Amino acid sequence: MIKRKLRMGMIGGGPGSFIGAIHRIAANMDGEIELVCGAFSSQAEKSAETGAALYLDKSRVYGSYKEMIEKESKLPDNVKMDFVSIVTPNHVHFEPSKMAMEHGFHVVLDKPATFSLAEALELKKVIDRTKKIFCLTHTYTGYPMVKQARQMVKDGLLGEIRKIYVEYPQGWLSNALEKGDHKQAHWRTDPKQSGIAGCIGDIGTHAFNLAEYVSGLQVQSICADLNIAVPGRKLDDDGAVLLRFNKNATGVLMATQIAAGEENNIKVRVYGEKGGVEWQQADNNSLLVKWLDQPMQVYRAGTGYLSSFASHNSRTPAGHPEGYLEAFANHYRNFVLTVRALANGETPKPEWVDFPSIQDGVRGMAFIENVVRSSASDKKFIPFEI
Amino acid sequence: MIKRKLRMGMIGGGPGSFIGAIHRIAANMDGEIELVCGAFSSQAEKSAETGAALYLDKSRVYGSYKEMIEKESKLPDNVKMDFVSIVTPNHVHFEPSKMAMEHGFHVVLDKPATFSLAEALELKKVIDRTKKIFCLTHTYTGYPMVKQARQMVKDGLLGEIRKIYVEYPQGWLSNALEKGDHKQAHWRTDPKQSGIAGCIGDIGTHAFNLAEYVSGLQVQSICADLNIAVPGRKLDDDGAVLLRFNKNATGVLMATQIAAGEENNIKVRVYGEKGGVEWQQADNNSLLVKWLDQPMQVYRAGTGYLSSFASHNSRTPAGHPEGYLEAFANHYRNFVLTVRALANGETPKPEWVDFPSIQDGVRGMAFIENVVRSSASDKKFIPFEI
Amino acid sequence: MIKRKLRMGMIGGGPGSFIGAIHRIAANMDGEIELVCGAFSSQAEKSAETGAALYLDKSRVYGSYKEMIEKESKLPDNVKMDFVSIVTPNHVHFEPSKMAMEHGFHVVLDKPATFSLAEALELKKVIDRTKKIFCLTHTYTGYPMVKQARQMVKDGLLGEIRKIYVEYPQGWLSNALEKGDHKQAHWRTDPKQSGIAGCIGDIGTHAFNLAEYVSGLQVQSICADLNIAVPGRKLDDDGAVLLRFNKNATGVLMATQIAAGEENNIKVRVYGEKGGVEWQQADNNSLLVKWLDQPMQVYRAGTGYLSSFASHNSRTPAGHPEGYLEAFANHYRNFVLTVRALANGETPKPEWVDFPSIQDGVRGMAFIENVVRSSASDKKFIPFEI
Amino acid sequence: MIKRKLRMGMIGGGPGSFIGAIHRIAANMDGEIELVCGAFSSQAEKSAETGAALYLDKSRVYGSYKEMIEKESKLPDNVKMDFVSIVTPNHVHFEPSKMAMEHGFHVVLDKPATFSLAEALELKKVIDRTKKIFCLTHTYTGYPMVKQARQMVKDGLLGEIRKIYVEYPQGWLSNALEKGDHKQAHWRTDPKQSGIAGCIGDIGTHAFNLAEYVSGLQVQSICADLNIAVPGRKLDDDGAVLLRFNKNATGVLMATQIAAGEENNIKVRVYGEKGGVEWQQADNNSLLVKWLDQPMQVYRAGTGYLSSFASHNSRTPAGHPEGYLEAFANHYRNFVLTVRALANGETPKPEWVDFPSIQDGVRGMAFIENVVRSSASDKKFIPFEI
C-alpha cells in the first residue's frame, strides 16, 4: 500500500528552461509529489546548479538522464523515485522515456510526444510492454471547464456535432528571436531539436488535441497551409488547417506565432445541432454555452452544478480564479492518483485516468506529419494517416 | 445648388422584408434623405400596403420597379426622386440598377452586387457609362472603428501585414427553416434567388469585403471548402477559405450559418510585424490595438484621438454606443454627401467617398464564383480570377 | 384619424448643442416624425443658421420659443406642429413646456424635468390640467434590455429585491473645462442654468431613474455625500448616495464626472433572493441574469425569448447592435404611438406608454433636492421628501 | 545560512475547512516550504485524520496548537518548524499567534487579524517585542496586477488621487445556510467566532485593505450602513461605507454576501487627475489603465513592461493565466524570502517585504470597529479611530 507522496525525478528543466519550472510548480501544488532527484541539464554543472536551487540532496542530482535512471533504479524501494518528469526539447523525449519505463519508472512527458511519429509509435509499444503509466502534458485538457465542455458534448446536449473551430494565436516569434540568445526561440525553430515542424508542432498540436478532446471526434482528412512569415526561419511559424472529422463534422485549425501582440489565447468552439460551447484560455474559468433559441449560459468553475470531471479538477470556490498552473497540476494529480490506485490494487476512477495518454501523443505526432505532408501537396484534402 | 434633403425611392422592402426596414432607418436617421416613392413588392397590393404604412402619397407607390423608374423619370426635377435604394433578393439587383441609372438615377444597392459575376461586370460598365453614383451596402465597413483600423494599417502603424483572420458565424440556419414559411430562409437558400452560393454569398462576402477593406490588401489565391450541414439544403450553409493576399500576407476566412447559438458577430483580426488590430461587431465601438511589447490599447468611438475617417462617422460622445443602424446610415450619409457635392460642382472629401463601390461589388461576386469553383476542385489553391 | 407622420417643433438645439442633434436623430429614425419648425437659439441668426442646415422652411424657423408657440398655434391644423421637443438647459424647461401645453401642444422634454422641484410640481399640474402628453427623455429606460430587466423583476423571477447598485461614472469634467469655451461644461457647472446640483442633477438623476425603473421600488430615505473635486467649480462634480427603498431593499448610487478615463458607462445591478440582473450601457444589448445555483444567463436584444416590452423596442436581429440613439428613439416612437392612438380614440398598448413621465420628472427633481439637503446635513439618513 | 525549504506547521485547516487547503497549496506551490507538522483541529482524531491525509509523520500531528507550539519548540533546530500558519476562525487568531511568536516562531495568519481591535493592537506589541516576522494573508494584494496598479499610482502616473471605488459582492449567504450544517456559513455568522461583524469583517476588510494598498492613501472618516438582509441572521450580511481619505480623496466601499448569483469578484477602481486604474478578480491578469484623452491600456501579467513588483510575483508568460492560489502563494513566497534573508543577515528586497503586515491587520480591525460604530450612529461621518 502506497500511502505517501510519490517521488519524482526530473529530466531537463535546468537554467533557461521555461517549462521545467512550470512542471515543478504543477507537481508541488497539491502536496502529492516530492521532487527527489534530477538530471536537469546535459551539462553537469548546470544540473548541479539547478539541483542546489531546488534544495535537492547533491547525491540525487545527476549529470545525465542515463546516469539518473540507472542509479535510481538501484536505490532501495523506499528511496528511489517513482516516476520521471521529462521536460527536454523534442529530440530528447523518446530515449529517456523508453529507458525510464524499461527501468520500472512511470513517465510524465512534455508534449509533443516525440521527435517523429515513428518514435511515438515505438514509444507506445514500450508502454504497452512495460505497463508503465504514461502521461503527456497537453495542458489545456487539464482545465476544468474544458472537461465540462467535453462532458456536455458527450452527454449529447448539443446534438450531433457539426462544426469545430480551434485556434492558438501567439505573437512572440514575430521577430527572428532565434538569431539572438533566446533559448526558447532557438530550439523551437531548429529542425534538429523540434523536428519537421515549428509552430504547428509546438502549439498546433495543442489545438488539435483540444479539438479532439472536447468534440470526442477524430480528424480523418486535412488540408493544410504552413507558412514561414519571418525571413530566414527554418520551420513554419504560422499555419492553418481545414479539418474533416468523422461523423461529418468539419473544422478549422489556426495556429500562429507571428500574430504580433497575441499572448497564448488558445480557444475552441464546438457547435452541434442544438447549441455550441466556447472556451478560451483568457477566460479559463468560464465556459460559454450557446443555445439555438435560449439565452447563452456561462458555466463557471467551482460551482455546484458541474460534472464530476470538472468538479474533481477544481480547488477553489467559484470566482476565485484558477489558471494554467492548476490545469497543469490536474494532469499531475490525476496521474498520481492513478499510479497510486493501481499500485494499491484499486481501480482508478474515470475522473483520474482522464489525462493525456500515448494515444494522444501518437495522434499529435501523426497530426504534425500529416500537416507537413499536406502543406507540401497541391492536393486539397489528404487522409489523416497513422 | 442642391440645398435640400435628397429624395429616395425604394425597390423591394415590402411585407416580410428584413433589410428594407433597415435601409429606411439608415436613410432616415440623419435627416438628409426623404423617402418619396417606392415599388416595395412585385405584388401591387403589397406595395401599396407598405407605402401606406410609410405615409407615402399613393401616387408615388408603384406596382413594379419598372413603372416607378419610368414614371419618376418623367416627374419635374423638383419632385422626382434623386436615387433609388434597391433591397430585393440577389436575382433582382442587376436589372433595376441598370434601368435606374440609365434613367438618370443614382443607386444604393444591397449586397451582394448581383446574381453573378458577369452581371457585376456588366453593371460596372453601366456605371462607368452613365456616371451615376453607386453605393453597395456592405454594412460593416461603415463602422467608425473599422475605418479607424483601416487607417492605422494604411498609416503603417502595424508594419507590413502578415496575417488576416476574418469570420462571420451565424446559427440561424441550423434547422431547415426554409421548409417552413420563413421568407428570409427561403430566398437565401434558393439558387434561383440567391445564385450559386448560400452562406458564402450572403455573409462570406461581408467577411471578404471587411478583410480587404481593413488590410488594404487583395486576395490573390484561395483554397475553399464549402459544406451543406443541414440535409436537403440546396446551397452551402457553411464554409472556410484559406487566403493568400498580395504582399505575402495570408489569411483564413470562416463563414457559417449553422453555428447554433451564434448571432452575427463578424470579426476581423489583422496582424503586421509590429502589432495587430481586432474588431468585432459585438463590441463595435471598440478597436483592440495590440502591440508586440507594449500594453494593448482600446480605441473607442467618439473620442478625440481618432482619425478623421472614424470621427466623421460618429454621432455620439464616447460611451454612448452606436451600432449597426448607424454603420448602415454612414454609407447613406456619405453617399448623399458625395452626390450633393458632385451635383454642386464641389469635390467630395475623402471621408465622404469612403463607401463601398462597384469595385467592391465585382470583387465580392468574383469571391463567390472563385470560392464555389475552388470548393469543387481537388486542387488546393486556385488563383482568384475576375 | 391621424395617419401621417407627427410634426415636431424644436426648442433649443442650435449651434454647439450636443443633445439637440441627438433628439433630432432619435425623432428621425423611425420615419414617424417630421421636424417642421424650430426655435433653436435665443439668438435669431443662430436659430436661422440651424434651421437652414436642417432644410427647414425659413418661415418656420423662429427667433424665440414664445414666437414659435404663438405662431404655430395659429397655423392650420394640417400644417402646424403636433408637439415640441425641448432641449434647452434646465432653466429653460418649465416655461416653454407650460406655454406649449397651454397652446395645445404635446411635449417631449430633456431631463432633468425642471430647474427646481417646485417647478416640476407646477409642471405636473399643467399636464394634469391640459391633458397633453408629456415625455421626459431619461434615455436609459429606453433600452430594450433595461425593459427586459424591469419585466423580469416585475414577474418575480428574482424574488423579493434586496440590493440595488447603480452607478454613472464619467471623467470629462476632470479638468476645469468650464473656464474655457466648452459650452457643455459651461452651462452644466453654472448654478444659474443647471440649478442647485451639477453631477448629481446631470447624471445622478439618470442613475436614480434607472434604479427605480428596473427595481420597481421607490427610494424612501437617503444619505448623500456630494463633492467638488475640481477646485473653483461651483457645483458638485462627484457624489455617492446610500439608498433605502420601500420593501426593505437598500442600495448605493454613485455618480461622478471626475473619474478620469471613464466615458458614460451607466450600470445597474439589482439582486433579489433568487438571483440578480446586471445591465450596463457599454454592453447595452446584453442583460446578465445571475442565479443563485445555476449558470448565469446572457439575455440578448433581438432574440425570440424576450418580453414584449423588450421586443417592441428592438429594430434589428440579435447580434446587430443597437445603441444609445435607438434607446432615445424608443421614447420618441412610444410617445408618438401614444399620441396618435389617443388622437384616434384608441387605447395605447402598455408597451407604448412605457416612456418616462412627469412622475419620473418630479421624483428626479425631488432626488436632486433631497440629495443636496442630505449632503449638507450631519445627519445620516434623511427621508426622501416630495 | 539557511539554504533549504522552510518548515511550516499549521494550526487549523482540518476537515471541512476551506481556507486551510488554500494555504497549503499556496505554501506548496513554489517548493520553498515544507509542511512538517500540524494541529489541524481541536479534536485530536480530526487532527490526526488530516495529518494522515497530508502524509505527515504521526509524531508531528498534534491535538492542540498549544501542544504543537510547546513540543515543536523543544525539537532540535534542524527539525523543528520555522513558522506556523494559522487558519482558524477569528476567535482563535490572537492566542496561537502570540504563543507561537513567544516560542520563537514566525507567523502567517489568515485575515482578519484578530477577534477585536484590542487584540490586534496587543498582537502588534508582541510582534514588536519578539521581532518575529508576521504575514497577514490579505490575498488580493498578492496579485501581480494589483501590485502594478499600486506602483503606477505611487509613481504619480495618475496625478493626485481623487476617487476610489471598491466592492466585494458575494451571493453565497443569500439563504440562511447557517441553519444547516454548512461549516463556513456557521462560524462566519456567529458573533462568538467571527466577532462583532459578519460580511464587513469577512470581506469588507479585504476591500478596505485593497483600496488603501492600491491608492497608498488612508481612510480618515467613514459613514457606514450595515444591513441584515436574511431574517434571523445575527451579523451583518451586507453593507456600504462612504469613505474619506487623506489628501482629499473620497470613496465608496460596498461589500455584500446576499447579491444572489455573485461569486467573489472583488474590484477596485482608483482615479486621479489624469487617469484611472481598474482591477477585478474575475480578470485578475489584466489591469485596465484609463487615460483622460488617450486610449485605455490593458496591462497584462507576465509581460516585459511591468514594474519589478508585478514581475517578481508572476510565474508564467503572458496569457497563461495565474489566479487566486498564486496570489496567495506570493504572500507565502515573499514571507519566506524575507525570513530567509533576515536569518542569513541579508537585507530583503523591497519586492519581498511587500506582504500584508500587522499594520494592515490593525487597520483592518479598526475598520471593522469603526464601521460597526458608524452604522449604529445617526451621525453621518465619524472619524476613523485606532
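All chains are identified by letter, namely A, B, C and D, in their written order; residue positions are counted from 1 within each chain.
Rule of thumb we're sticking to: contacts are C-beta pairs under 8 Å (C-beta built on N, C-alpha and C of every residue); 3 or more make two chains touch, one makes a residue touch a chain.
In this text, all values refer to a predicted model and were calculated from it rather than measured experimentally.
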By label order, what chains touch chain B and chain C together? A, D
Chain located farthest away, centre of chain C as origin (C-alpha): A
Between chain A and chain B, what's the gap in Å when you average each chain's C-alpha atoms? 43
Can you check how far apart chain B and chain D are, centre to centre, with Cα atoms defining each centre and the answer in Å? 55
Residues touching two or more other chains, restricted to chain D: which are they? 262, 289, 296, 300
Please name which positions on chain D make contact with chain A in the complex. 3-5, 18, 21-22, 24-25, 28-31, 35, 52, 54-55, 170, 172, 262-265, 281-285, 300, 302, 315-326
Contacts from chain A onto chain C in the complex sit at residues 289, 293-300, 303-305
In the complex, chain A residues that touch chain B: 158-159, 162-163, 165, 167, 169, 171, 174-175, 223, 225, 227, 229, 238, 240, 242, 248, 250, 252, 254, 256, 258-262, 269, 271-276, 289-292, 296, 377-381
